[in-house]
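The structure follows.
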C-alpha cells in the first residue's frame, strides 16, 4: 500500500518539541514495517507563523511570505528525516519528481512546501496524485470535516463520509473570510476531487491514530471516497 | 508602471499562428516603449490540449498531464521571446525569482507554467504579487467576467467592476462541474483577492486591446479593484 | 544485453497518435521482459516541425529553433514514459549522466534532445557510448542505409552491412545540400565510428521490428559492424 | 567602497524582532546611499539554536545539524531582504558567485550559510575575499577581540589593533574547549590572514555603529590590519 | 560589433603559461575598449591531452574522455577570466543562455566545452549563432584553411576566401582518418554554413593578430564569407 | 563497515600516472569485495599546483584559486571513477547529499573538493560525519602524525595514538607560518574532534596499506580514537 500523509504544522510542530516529531516518526516506521510506501508532507507550525509575522512587519509581499513559510516547512521536514534515520531519503524533496524517485528506491520521502501560492495541504494531494497513492491522510488538529468550525460553533456536525465533490462544496465557503477554518484548503480539495483519491481527514495529535487509520481503516474522522466506491475489504 | 499580462493559450496559440504571436509581441513592445516594465505569462492552447489528450489515453496521471501542459506553455513562451528579440530575457523563467531578476535588469520576462496543480492564470497572479505589479491583465477569449458562460447563456451579464472578494465568490461556483467556464480560475482569483491587485479581465483576441487597457485604462472588460480604491487619475 | 533505441520523430509521432506511442512502449516492454536494459531517445516529429516553422517566421535564430525542437522531443519523451508506466524513470533525462543512473537503477531511461547543434540521432549514439551499450538501433522511416534517397531514386540500393568508417563516408555527402536525406546524421555516424558501436538502421514504423532486431538479430535493414567483428552467436 | 558585513545571529535575530532587522536594513541603506557596495552575511540566532537542539535530541548528526542551521540563516537573510526592499537581490545567494553577480548588478547581496562545517563568520570572510572587498566588518555581541571572554573574565583586555596573524594566534586557543568564546571563528581568522583583508570586529547591537565604522572608520572595537598597512586617510 | 573568439587549446595553453593567457586577455581588452562585445571559447590544450591519455589507459569510454576534456577547458576559461578581472563574468558559462546573459549585461563571456561529442570549435560556432554575432574568429595554430595539412605537405595551399559550403566540403575529408588535420572541425563548419556567419580562421599564436583581424579586418588567414556578401566597408 | 578514504593529491596524482590511479582503484575494489561501503575523496596534486601557480600570476584572488583547485580535484575524481568502472557512481558528487545517496544505492562515491576555503581533508571528514562512517582514513605522503615535520626535523617523533582533541592541539600550531606541514588540516581536525570519528592517518603511497588498515586494522601510522574507546575486536 502506498500512502501519503500530510502532517499539519500545528500537529507536528506547534512549538519545537522533539518528542512530538519522534512520535510521528515512530508512526511512519510502523507503516514501513507493515510494508507501506510512505510519503510525508509537513507543515510550518509556530515557527512559520512567527517568521511570517516578522516579515509582514518588514513589508514583505505575499509571495515572499509564502517563500519563508516554505523554507520553514523544509526545516521541519529535516527534523522528521533526522528522526527517521536511514529509512528516509536524506534531504527533503523540493519537487514531486524527487519524492517519487525516493519512493521508487524504497525510501520514505519527506517534503515540505513546494511553491508560493500552494499550501502543504495541496502539496500532499498533488504528491498523492503524482505517485498514484492508495490513500491520502490529513493529520490535522480537528477530527475530520465539520459543517462549521467546531471550535467556534458547538452545533458543528462532523461528516463521516463525503465524496470529493461534496468536500469541495463544503470547503469552498469555509475558505472565505477572516479566520478561515477549513480542515483542508480549497486547492487540495479540488485536487482530491479530480484525482478521485481516497482520503482520510483526522485528528493527528496522537500519531498512533494515523497508523491505525492506514493499517486498519480505523479512525473517527472523515472518509472522502470517490463516488460509488466501496471500502477496501482489508487494509494494507 | 509595472504590469503583468496573462495571455491565454486560446488567445496566443489556438493553433500555431506566427502572426498572432507577432501581434502580441508588438503590443508588449508598445508598452515597453511607453516605459512599462512587462511580465508576460502565456498558456498552452491547442497543442497543449492535443498532447494532454494523447497522454491521457496512455494513462498518464493528472500530475504528468499538468507537466506536459507546462512544457508546452514554455515552448509558447519561446515563441513570444523569439518575436520580442532583444527586448526579452532569452529563455522562459521557470520560477518567480528568475522572472523578477529579468524585470530588474530591464528585460521583458516571459513565463509559462510553473508547477503541477497551478494554471498559468494563477502563475500570472503570483508573478504580479511577487514583483508588486501595478496592474494585472488577463487577455482571455471572453470580454470580462460574466454572471454565466456567455457562450452558453444568452442572458449572461457582464460585470463591469468587482472587488477581489466578489471575484472569488463569482468564480468559485463556476469552477465546479463539467465544462468549467470561469474566465480566471479559482486559485488565481484568491491570489488577486489576498494581494489586492488591480486587475483587468478582457477579450485579448486583438492584442491592441491589451495595450490600450494598460496605457489608457481603456477597455470594455471587467475591472477588479480593491475595495475603496479609486481609478488612477492617469495611466502609465 | 544493453540497448539504446533511437525512435525518430517521424516514426514515434508524425502526428500525435497515442496508439503509435503505445506500440513503441509495448516493444520496449518486450525487451525489458527479455532482460534487456533499454535506453530510448525520441525525436520531435510533426509538432516540432510546426513549432520550428512558426519560430522561424518570428525570426528566431538557429539555436533558438534547436532549443524549441529539444523541448518538443522532451514532451514526446513524456508520452513514451506515460505509456511505459512504472518501468520508466518518471521524467526525461536532460543529460547522459541522468540516463545512465536510471539504467543502473533498472529503469528504462527515456531522453529527447540534449543541446543545440545535436540531433537526437547523435544523442542516441552518445548515450550508447556513455552506457557502453551492446547495440544501438535506429528506428527510422526507411529500412536501412541506401546508396541514394530511396524515395527519390528508384535505383537506390540498400547496404546490408557497413563498417563505421563506410557509414561516415556514405553519410557525409548525403548530408550536403537541400533536402538532406541521410538516415543517420553525420555527427551520429562519426560517434558510431569512433566508439565501434554495433548499430542497426531499420524501418521502425512497425515497432515489432525493433523488438525482433534486438531479440533475434532479425531485420531487413542495415547492420553497421566494427571492422573484423562477427555476428553474435546468440542474441540477448 | 566595497564592504562585507557579517551580522551575527545573536545581533540580528536573538529572537524574531522585526524592529532589529529594520534597524540593520536602515544601516545598510545608509551605506548604499553613501555609494558603498554592500554584501551582508547573516547568522542563525535563537531559532537556529532551538532547531538544532531539537534535531540533536532526534539523533541528527553534525552535518545535518549544520544544514538545519544554514537553512535558518537563509530565512533570516530573507527577513533582511524584505526590509531592504528593491535595494537587495530578491533571494539569498547560496554560493559566492551568485552574491558576486548581485554586487556587479548594483544590488545589495544578502547571504546566510553556505556549506556544512563553515560558520557564517567564515562565509563572510570568503565573500570578502571573493569580491575583493575593501573592508570586512563583524557585527557581534562583544566590542572587539579580547584577551579572554569579557563576560567571564573581568580582567579581559580588548585589543585595539591586530594583524591577521595575531588574530589567528589569539583565536586558535579560544576556539578550544567548552563554551568557545572567540568573537570570530578560527577558519574565518585564517581566511582573513591569507587574504590580508582589512577587518573590523565591533559590537553591532546598535546598527548605527556599523554604519559609523564603515563610513568614518569610527568605532571602539578591534581593527585587524595587514602588517605594515596604514589607516586609509579618508573613508568611503 | 559583437564577436566570438575561439582560442584553441594549443594556442592558449599548450603548457600552462600565464604570460600567454595574459596576452590573450590583453587582446580581448583592446576589443572591449573599442566597444566590441566579446564572447571567448577556449580549448583544452596540453593538460587536456595528458588527462585524456591517462583516462584512456584506465578504460574510460569516449564520453567520459570528452567530459574530462570539457572540465579542463573550463579551468582554462577560469585562467582567462582571472586575467580579464572585472571585465569578465566571474565564472565560465556552461550553456549558451548563460553566456548570452553575460553579454547582455556588458560582460565578456568566457566558455569552455559544453557537452560530450562537441568540440570547442563547434561551441564557438553555436555561441556565435546564439548571440547573432557579427564575426567569429578561430585563433588556431595554423594561419587559415589549407588544401592539405601544411605541416605535412609542403605543397599545401592556403585558401584566402571560402563560402561556408566550400568550407564544409574541404573539411569533411580532412576530418577522416588518422591524424585529422582540419583547422575547424566538421560540426563547426556545418554550423557556420547554416548560420551564414562571417568567420575568420587565422594563426592566433600572437594574440595581437586576433585584435587586428577584428578591429581592422587585417589578417593573413582565411575569410569564410556567406555567398554573395561583401567585405564590410569599415570594421568595428 | 562504512569507510571514507581521503586520497591526497600528492598520493593519487603527483603527476598524471594512470598506474597509480589504477592501484588506488584496486584497493578500493578489495574493500568493496569485503563488503565495505566506500566513499573516496581525492585531492588536486601536481596539476592543481601548476594551475594555481599560473592563476596567481594572473592576479586571481584566493577564492578563484580555490575554485580552480576544486575543479582539478573533480577531474582527478573522474580518473578514479574511470578506473573503478561500474562500481562507482558515474560522476563526482559536488555535495555531501549526492555522495550519501550513491552510498545508499550501493555505489562507491567519489568526490573532490566542495567549496572554497575547505581542503579535501575537511571534505573527507565532513563526508565521514555525514554518512556516519565507521572509519576515516587519510592516505597521505607521511606515515601518520608527527611531533614536527619529519622531512625537516630528524628528531620528529610519530604519535601512534591520539584523541581528536590532541590532534587539534597538535595540528593548530603546525598549520601556522610558511610551509605548513600538518598531515591533516585544522578544519579537518576540528571536524574529527567534534564527530568523535575513528580516524587513521597513514602513508598511502602504496595503496595496499589503505586496504590493510581498513580490513585488518593493520598499519604503522597514527590512530585517532575517541577518548575512552577501545579497538574494535574485529575489523570489517
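Think of it as A, B, C, D, E and F in the order they're written, each chain with its own count starting at 1.
As a working rule, a contact is a pair of C-beta atoms (placed from the backbone, for glycine too) under 8 Å apart; a residue touches a chain by one contact, two chains touch by 3 or more.
Just so we're clear, the structure is a prediction, and the values are computed from it rather than from any experiment.
With steps allowed only between chains in touch, the distance from chain A over to chain F comes to 1.
Between the contact lists of chain B and chain F, the overlap consists of A, C, D, E. Compared with chain E, the chain whose C-alpha mean position is the greatest distance off is A.
The equivalent interface to C-E, defined as the listed pair sharing over half of its contact pairs by residue number with it, is D-F out of A-F, D-F or E-F. Using CA-based centroids throughout, the chain positioned farthest away from chain B is F. In whole angstrom, the spacing between the mean C-alpha positions of chain D and chain E is 43. With centres set at the average Cα position, the gap from chain A to chain D is 38 Å.
Averaged C-alpha coordinates put the centre of chain A at 30 Å from the centre of chain B.
Chain E has residues 64, 91, 105 in contact with two or more other chains.
If each chain is drawn as a node and touching chains are joined, the picture fits none of the line, ring, star or complete shapes.
Contacts between chains, counted with the stated touch criterion, involve the pairs A-B, A-C, A-D, A-F, B-C, B-D, B-E, C-E, C-F, D-E, D-F, E-F. Interface of chain B with chain D (complex): residues 97, 100-101, 104-105.
Residues 61-64, 96, 114-118, 122, 125-126, 129-130, 132, 165, 168-169, 172, 175-176, 186-187, 190-191, 194-195 of chain E touch chain C in their complex. Residues of chain B that touch chain E in their complex: 89-91, 105, 107. Interface of chain B with chain C (complex): residues 16-18, 21-22, 25, 47, 50-51, 53-55, 57-60, 64, 67-68, 71-72, 74-75, 78-79, 81-83, 85, 91.
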